[in-house]
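Chain nomenclature is as follows: A, B, C, D and E, assigned in order of appearance, with residue numbering initiated at 1 for each chain independently.
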Amino acid sequence: GEVTVFAASSLTDVLQQIEPRFEDETGHELRLSLAGSSKLARQIQMGAPADVFISANVDWMDRLQHEGLIASGTRRNLLGNALVLIAHDPATPPVSIGPTLDLSSLLGDGRLAMGLVDAVPAGVYGKAALRHFDLWDGVAPKVAQAANVRAALSFVASGAAPYGIVYETDARAEDDVTIVARFPAGSHPRILYPVAAMATADGAAVTDFLAYLDTAESQAIFAEAGFSRPSD
Amino acid sequence: MEWLTPEEWQAVALSLRVAFWATLFCLPVGVFIAYVLARWTFPGRQALNILVHLPLIMPPVVTGYLLLIAFGTQGGVGAFLQETFGLTFAFRWTGAALASGVMAFPFMVRATRLSIEAVDPKLEQAAATLGASRAWVFATVTLPMILPGILAGCVLAFAKGMGEFGATITFVSNIPGETQTIPLAIDLALETPGGEARALRLAVISVGIAAGALALSEWVSRRMAARIGGA
Amino acid sequence: MEWLTPEEWQAVALSLRVAFWATLFCLPVGVFIAYVLARWTFPGRQALNILVHLPLIMPPVVTGYLLLIAFGTQGGVGAFLQETFGLTFAFRWTGAALASGVMAFPFMVRATRLSIEAVDPKLEQAAATLGASRAWVFATVTLPMILPGILAGCVLAFAKGMGEFGATITFVSNIPGETQTIPLAIDLALETPGGEARALRLAVISVGIAAGALALSEWVSRRMAARIGGA
Amino acid sequence: MTLSCSLRHAFQGFTLEAQFEVPEGLTVLYGRSGSGKTTIVNAAAGLLRPEEGRMQVNDWLLFDTARKAWLPPHKRRIGYIFQEGRLFPHLTVRQNLRYGSCFAPKDATPEPMAHVVDMLGLGQLLHRRPAALSGGEKQRVAIGRALLAAPRMILADEPLSALDDARKAEVLPYFERLRDEVEIPILYVTHSAAEVARLATTVVALEDGRVIGQGTAAEVLGDPKVTPLGARAAGAVIEATIATHHPDGLTELNAGGTPLFLPALGQAQGSTVRVRIAAHDVILSTKAPAELSALNILSGTIHDIRSGQGPGAMVSLDTAAGRILARVTRRSATRLGLHTGAPCHAVIKSVALAPEDIGG
Amino acid sequence: MTLSCSLRHAFQGFTLEAQFEVPEGLTVLYGRSGSGKTTIVNAAAGLLRPEEGRMQVNDWLLFDTARKAWLPPHKRRIGYIFQEGRLFPHLTVRQNLRYGSCFAPKDATPEPMAHVVDMLGLGQLLHRRPAALSGGEKQRVAIGRALLAAPRMILADEPLSALDDARKAEVLPYFERLRDEVEIPILYVTHSAAEVARLATTVVALEDGRVIGQGTAAEVLGDPKVTPLGARAAGAVIEATIATHHPDGLTELNAGGTPLFLPALGQAQGSTVRVRIAAHDVILSTKAPAELSALNILSGTIHDIRSGQGPGAMVSLDTAAGRILARVTRRSATRLGLHTGAPCHAVIKSVALAPEDIGG
């Protein structure tokens, strides 16, 4: 059978690793459509032929669920992630995140690269975390909001911005950035990647795929990339 | 190491197909609209003009969403086309071609229109006195004389077809082998850690194809100019 | 309810500024390159032609990355410009204008070039016999005659400047009040569940502004045509 | 057949207000630069929509602003030879020539292409494009294109101005044939008195957008008052029949009983031709002259003598062949004692009747 | 001053291979349509780069392909009156007229604008754009534009073809003045024998891209062998001085001792003029004729009689005023018993010397 998976683009790397293994093992064909969660969600609303949706954003999944577009009982949180502060300069000393951190003077003239703080999940989480430590208002004017986490990452990687806030997974995958701090898990809403089958989906391939995500093989790939298991 | 994965070759083939059909779709409609805008006066002309420029003014994502709403399987136009002609655009390569075509449309129209406006109306008048009706004048005098402009429009449309990203991914999503054109594949490569080399390879191929099309068009248009200029 | 938040009004003002400067940047460079492509033959002409079309062929994100690499504070050109002229592009509205200008460049060049190619060389020859050097011929004969084409190019550039998204957000990110143009604001609205109404309001404003620019250009170009056509 | 035309149209600084009705044949519009000739022709072609007016050929209405009737140009089936060529630059000479015939109705009988190509000397040029033609060559193609369209009416705006004399002499008879045999109405603009005399059935003289005179070629050219043309254009046009073709290359005409000798003409014996005798080519003599190389002498009586401001006088002489005009100096008129009613002889060199001045 | 020109250039199906060297003054290029006149003029202007050749005016080298010398068009300071107008459509008539003077060097002394505008009758049109002009008006603006550029050389390609006779008569003296007073070299293309006779210092006759004859107007027009021009163009050009202006409006010339009468000329007594006597305007008489309205009779002896294929014969007659050509019929020649060496009288009507044929 065939299974079409709409997945948040921050999962590109891991899902592309899983794809051939899943196909070899089950004989099904996997089609991955990778784009921003919001785009994918809207396309599903408009009748996109998705069987499975993996969102980087709980809100959009809620929305689809509310509209009755997902198969009941199939939704669960697949992955978790952590938020880190990264720097371009490898010599940057680690910092400890807390209300006393003077992020503003660390930045100097530079910018803090984040995802769109009101739309891209990584940005939304980052803003919440900074708020949590009362750092947001001081640093807000210096934030450069990128279209997605990857773009935020490349601002830092290219040196255009000295610091940035991204997922740990992204930071690990990029050689040109250094992690200088990790945000405590409690400082922001939990970073979750919910997965669900669509109401229109059926066939063995869909269930096989959902099951495959839980195999040790898949979990190893996720862990290797830096994803955590959501403790739900 | 393979230069490109089979999936990437698919993207190249698909891009060619999409750019080709996008251009082909733009061509007759664009030339017609250009003629209408250049030579007719009627109420609503300005509105049509704005409509033509819309894909340029709006962020591509918006165009993509509008297409999704109109041509999605749920959309009115989409449902109608599917029922009557069996034509589906949603999440199909045809939709990618449609999105590219729509995005390229303003250039096609502008290039053609500029050429039409440069045609000496005295020649069209001469053709009319010799018995050619409006349609024949267009076919035998205006059209041959604006071929360079149409060609320029086609090149722009083709180039845009090779490069369109925002409207395409929004409208038909990124489905390998079906809607994943080169720009979508490049974007994906850039999303993947260490994907820069792959993105570069794809970009080089894309530029190479477009360069070929450009060179061809330059050659054709020089030939046409030489023929008219006296040889 | 306010129609738009102050932040959104900022986006509107910024978009106008960006589109204006993008157009202004395209204008002289675009006309010059168009002239070079239309009238000179030299080795590398075809390469220049491809370079001009590059922003069209490449996905906007790639153009944005390339700009980021070249014009970022770390980038060679960026550092040079900053040191010598105090010009900064990174994360500034100037960068948004640069990105829009680069994306609009192919249209400016094509429109102008088509017009230049439509100018009868016999008139330029006549001017030369009367003592006008190449530069004077251009200034007194070619330029006045291609104004409609240049105007068309400006309209396309302005429209693109109002609509450019991908390269802009990749190059200068989305900074409210600094780089958040209308398309970026629209994108933001669309990324947010329930942001459709806000996106629509912004889109309507954007289209309204572009429509005004279009109408103005049509009016100017009709006037020019009427003057030459005999009155 | 008649062509009736009444037009009013204002440009900034110029108003055309012309009205004329002319019989079948070739009508010459004659007048100085800027007098409105092309404007009238454009209205006939449907390229200018006059503010007011109507134009009709027999019962074929071209337009009538009062009745809001307007035949679009492509339905008029007109062969328009434009003042400025207007060849299609993207078509070869052959394609240009054939253009009109594609649109002619099935039952139209266009001229044979080969004939027109031959007459205009276009044989070598058929595969070229207009950009590779000389000025005169372009004009010849433009003439051919109009003629080959099987038109119902021909509009010719200074069609021969860029042609050399030899070519003119080849093309002129063709227009005569169209006028006489094919019988399509022709509106013809020219500055040349020779062309007027040779071709015109009717002349409409224009000045500043107004018709200042109308009549046959003989009337207009013979009327010393109507000379928008200048004194050089005055002359008589007389009719004669062909009597004999002599073996020494001369053709003898019979003009009201008087013989006239001309270089061999092509027309058949018995046919009628028109001969222009320019007033300045006539010498008057009070005695029948002898020992002169001039072969043609017409005797008659003086009808009228008019003097202008200049040193010249225009003498009209009634002869058996018709009225002849002679332009002489006042000094000569006095010396010879010319007066109305006096007998007089007009001496005309046969060869002074140039080819362009003899019409069939 | 001399203008020397040697050119080789091949188009598909046409090769120009012309070589001539002419003295100062106005040089007419004369030849049938397609003979290469415009091609030569374009090379002089720098608009055509010939495959081989060189052109030089005195020590001013325009180009020399052998030495790879090439003066670009805008450095040649040429007033080119194009065969097809080429007015700037976006400029008004006034701006068109002024265009060249912007680029003329400071020390150039262009014609006064008012004078040129007046002569060409452009006063009413200065604010218009070319699209709103008639054919003849365009041509007049084109002439004005070239003249006002303060050129070092004038190229005129059929400049008067669209003008009516009256306007021609106004413009021709202007070219004469340029030729005689301003002394800039002029290359002039025309199909009109009258213009040749009146203006040409030198005539270069072309056929099929080759020079087939060169000489003064008198030589070329008087040579029955060189008639690319057709028989109508043959004629003599003689020089005469102005003897008296008579009160009855006639001017008496002295042509080698013989009086010639012409309508009043403007030139001062004692000045020299050139008079063209077309061969077909001359009547020969074996007896001194009397009682004729013609005032001018030149006596001489027959130098030569040539018969062509036609019915005509060209008789050249040596008179005190110079050699005169007369075109008569063979029949007349036989009847009068004309032969070489026989005394003979040439009868010329004074008014047959038309204004265009008299040059100052």
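Keep in mind that, in the parts below, contacts are C-beta pairs under 8 Å (C-beta built on N, C-alpha and C of every residue); 3 or more make two chains touch, one makes a residue touch a chain.
Please read these numbers as outputs of a predicted model, since none were measured by experiment.
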Partner chains that chain B and chain E have in common: C, D
For chain A paired with chain E, centre-to-centre distance based on mean C-alpha positions, whole Å: 90
Inter-centroid spacing, chain B versus chain A (mean Cα positions, whole Å): 35
Chain centre separation in whole Å, for chain D relative to chain B (CA means): 57
Chain E residues counted as touching two or more neighbouring chains: 12, 84, 132
Touching two or more other chains - residues of chain C: 65, 187, 190, 231
Residues within chain A bordering two or more other chains: 42, 154
In contact (per the touch rule at the top): chain pairs: A-B, A-C, B-C, B-D, C-E, D-E
List of chain B residues in touch with chain A within their complex: 61, 65, 68-69, 72-75, 90-91, 169-170, 173-178, 188, 190-194
Parts of chain B lying in touch with chain C, wherever the complex brings them together: 46, 49-50, 53-54, 56-62, 65, 106-107, 110-111, 113-115, 117-118, 148-149, 152, 155-156, 159-160, 162-166, 182-184, 186-187, 190, 199, 203, 206-207, 210-211, 214-215, 218, 225
Residues of chain D defined as touching chain B within the complex: 45-47, 72-74, 76-80, 82, 84, 86, 88-91, 99-100, 102-104, 129, 131-132, 145-146, 149
In the complex, chain A residues that touch chain C: 36, 38, 42, 59-60, 63, 111, 113, 116, 118-120, 143-147, 151-152, 154-155, 158-161
Chain D partner contacts - residues on chain E that touch it in the complex: 11-13, 31-34, 37-38, 83-84, 124, 128, 132, 134-137, 140, 157-158, 161-167, 169, 191, 193, 229-230, 232-233, 246, 248-250, 261, 263-264, 280-281, 283-287, 289-295, 310-312, 326-333, 336, 338, 347, 349-352, 354-355
